[in-house]
């Protein structure tokens, strides 16, 4: 075993509190961090020893964990920086939740951000404010992160003797101490209304809100001096470009972590690229307080893993078969292929999903133990001596294979099953399926592919790829009129043993 | 390198305990993992997959299998199953803990303690108006998890039939200051709605009703999903008052609907029970002189080497337990390095 | 000048309830409806709704609440108080509201008559022949129309 030298500097990208706190935490724990700061003036509270690059924008990131090369545009100059890991820690953008915001902003309407500025004394309220109405989104899909801000603002207004009302649809209190904060706002005199409909008009310069109190079933109207709109947390403005540069997944809203529990807590599809705080998802204060130290652990664990990673090739590549078509480069979900005049496979970035091997049109890439000849052999050998028309199963190691492994070997269920473990559904090649049917003396009754559920694939797209492969082979077999083998794609998870048992028993 | 350092005692091997011990081990620290049950994994090991129509619903239950699979890479973590801690003594430097269990009595020394002792699902017998023990087809959501995991489909305890109408009651034992639980348990809306979706996926004719106060946002795509969830189920923004057996084996409730009290009945009722402190909490609080949080859970004493991680510190999802465990590992290491 | 139809002036009712009658935390209600759904009085008379009563207090509508007869429909069974997850003493609250109403000279006529009866005779209702007939059948002595002890005690109290 050959220990690697790992660059342990951490590059933090950000524009606010999260990035500053993160850099400091990394520094305190003994890691060198440097900060790519979006703004032109240095952030406050950065201790000496943390280098800060001002007006900096990442334009390219090559390499792998322990050995990244970043190209940065900093104050109109391109610079190059080396780093072992990259952490994205931008603040989120906020957007007022309510439709009135789309109309020209009335002076009696403020956003929560405005209200916070007023409370900090950075902005003045015009006129005498005695009554304030807080409006949250009315579709029931607010977040604890947003209600936390609202409750805090309410408490500050109540402290100033201002009468507060709050209208929302579902009170979001699912975070540490948030129910207690909500309780303090209620006990302090703020009256909360729940409804999914209201109207707002402006009379004599003041906002007038009409709605029904759903408990009394009575029309209520509040004439306020100020209406304060809650805000949704949106992905920071720099994220769309950054995700392209980094090649990382986002969720539907555009936050920079896929909606995939396998990325938890702070990982992306690219090993060594982490995402922390409001770049990852809308977070409460408590969430952020956990995520910052969690980021430190995550990167230290990764460096320790990388240092002890055995230096051995798991990918074999046939340069003569390669057509330089870039399919592997484009299909790799983990940014593990660096393309020069040929693909270079980055051992520490590769997660051994085999997707490149399944996509390569010339079959120039092989993943160790998944070579097509070996699988062909396995199928042929395995099927000798089976007691009836068997079932051939290809099972992802994370889901289907765990279930099959949990079935005791003496179970009669296994007697008719021959199964092959795949590192990921994405490894499944058309050829494996055709071999399973055609390359043996006996024709199987069923060929099943047990891969992970969509969005629960470690490689993101592996299971989608497996499903597509199965569908393609199915339609090919249909077109040639082959009906002796039932071929199925079944998605599953390791905790679905009973369901899979039933499906297998149905053979 | 690890040999020269004091060990870290991790109590509890649920999602938080497993994550924290692996994180510490990877960062070069010796861990001793003590678990009172006979196997690793904690509550989540008994939960069902909630995927619907081949799409993951992000409940995170399968992550415990991932953690257990990875745990094999850490043979250096010493594991004590079926073991309890009789006593913890503070020493000039670190602690001595007296373990008592399957492997007999053993004193171990450690530099810091991570309490990952988890939670206890609220016991519905504590709420007398639920009449939990006398209504056969009223089950807790924890029982439903196990039912779906072990049998794939729901069945009624009274006759083994599949229920056609199911009601979920939310906030059972949560948002309940009177019983010392002045908090939202954070996970119940998520697990209940995911399981309800799964039930409908398995048996599309099942009619599902929700009794609720406020539905909590869970998962990243809640705003898109909430609209269709509202169509899929029947929503009653009330918590019923009386619960009783109706028509022989159905579950009846009296509830306000449109300003009138009506009696409704269902084939089966699922109580979305919240997370409460474990029965062991008081013992640990006394052993280590810990105070209680305003939510009624254990507070750590990090300056003196005692850390509380995961749902032992308050209600928390699997997702948050994983983050919390990683964060705690950093704080434990800072303590061990004497940085604080 | 347009203004809210929400009342703001009688915050002191809640204060009164807390200070004089020990009924605290009314504002902490999150309207789960457990009180109303299990209320036996509400089953008989839908006009009575403890959840609405609390809501009116939270909305500072104590004044109109005291004007209504609904607070007199409570049967004081304490089911709601027993079940309220927030620990609001709902039944005590209703009693306190009745006291406030009486102080303001508002109570259903029957209540006043009954109070006078207690004061003058020490009884909740006037005795008639029927009672003694029944007692006689059971071998019990007849009752005196006035309970001297109760009347004396009530006099001392006031």
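For reference, chains read A, B and C in written order, and residue numbers begin at 1 within each chain.
Here is the rule we use: contacts are C-beta pairs under 8 Å (C-beta built on N, C-alpha and C of every residue); 3 or more make two chains touch, one makes a residue touch a chain.
Being a predicted model, the structure only gives us computed values, none of them experimental.
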A-B or B-C: which has the larger count of contacting C-beta pairs?
-> A-B
Centre-most chain, if every chain is reduced to its averaged C-alpha atoms | B
Geometric centre distance via CA averages, subunit C-subunit A, whole Å = 57
Taking each chain's mean CA coordinate, subunit A and subunit B are separated, in whole Å, by 23
List the centre-to-centre spacing of subunit B and subunit C in whole Å, with centres computed as mean CA coordinates.
-> 43
Which residue numbers or ranges of subunit A touch two or more of the other chains?
-> 171, 183, 194
Taking each residue of subunit C in turn, which ones touch at least two of the other chains?
-> 28, 30-31, 51
What are the residue numbers in subunit B that touch two or more other chains?
-> 175, 214, 237, 259
Of all residues in subunit C, those that touch subunit B in their complex | 28, 30-39, 42-43, 46, 49, 51, 79, 82-87
Which part of subunit B faces subunit A closely enough to touch in the complex?
-> 23, 26-28, 47-49, 51, 54-56, 58-63, 65-66, 69, 149-152, 175, 182-184, 186, 189, 214-224, 226-227, 230, 237, 259, 294-295, 314, 316, 318-320, 322-331, 333-334, 339
For the complex, which residues does subunit A have touching subunit C?
-> 131, 163, 165, 171, 183, 186-187, 189, 191, 194, 203-204, 206, 208, 213, 215-216, 219-224
Touching residues on subunit B, where the partner in the complex is subunit C | 129, 171, 175-179, 213-214, 237-242, 253-256, 259-261
Parts of subunit A lying in touch with subunit B, wherever the complex brings them together = 25, 28-29, 139-144, 170-180, 183, 194, 214, 217, 251-253, 255, 259-262, 264-266, 281, 287, 289-298, 300-301, 304-305, 398-399, 402, 452-456, 491-496, 498-499, 502
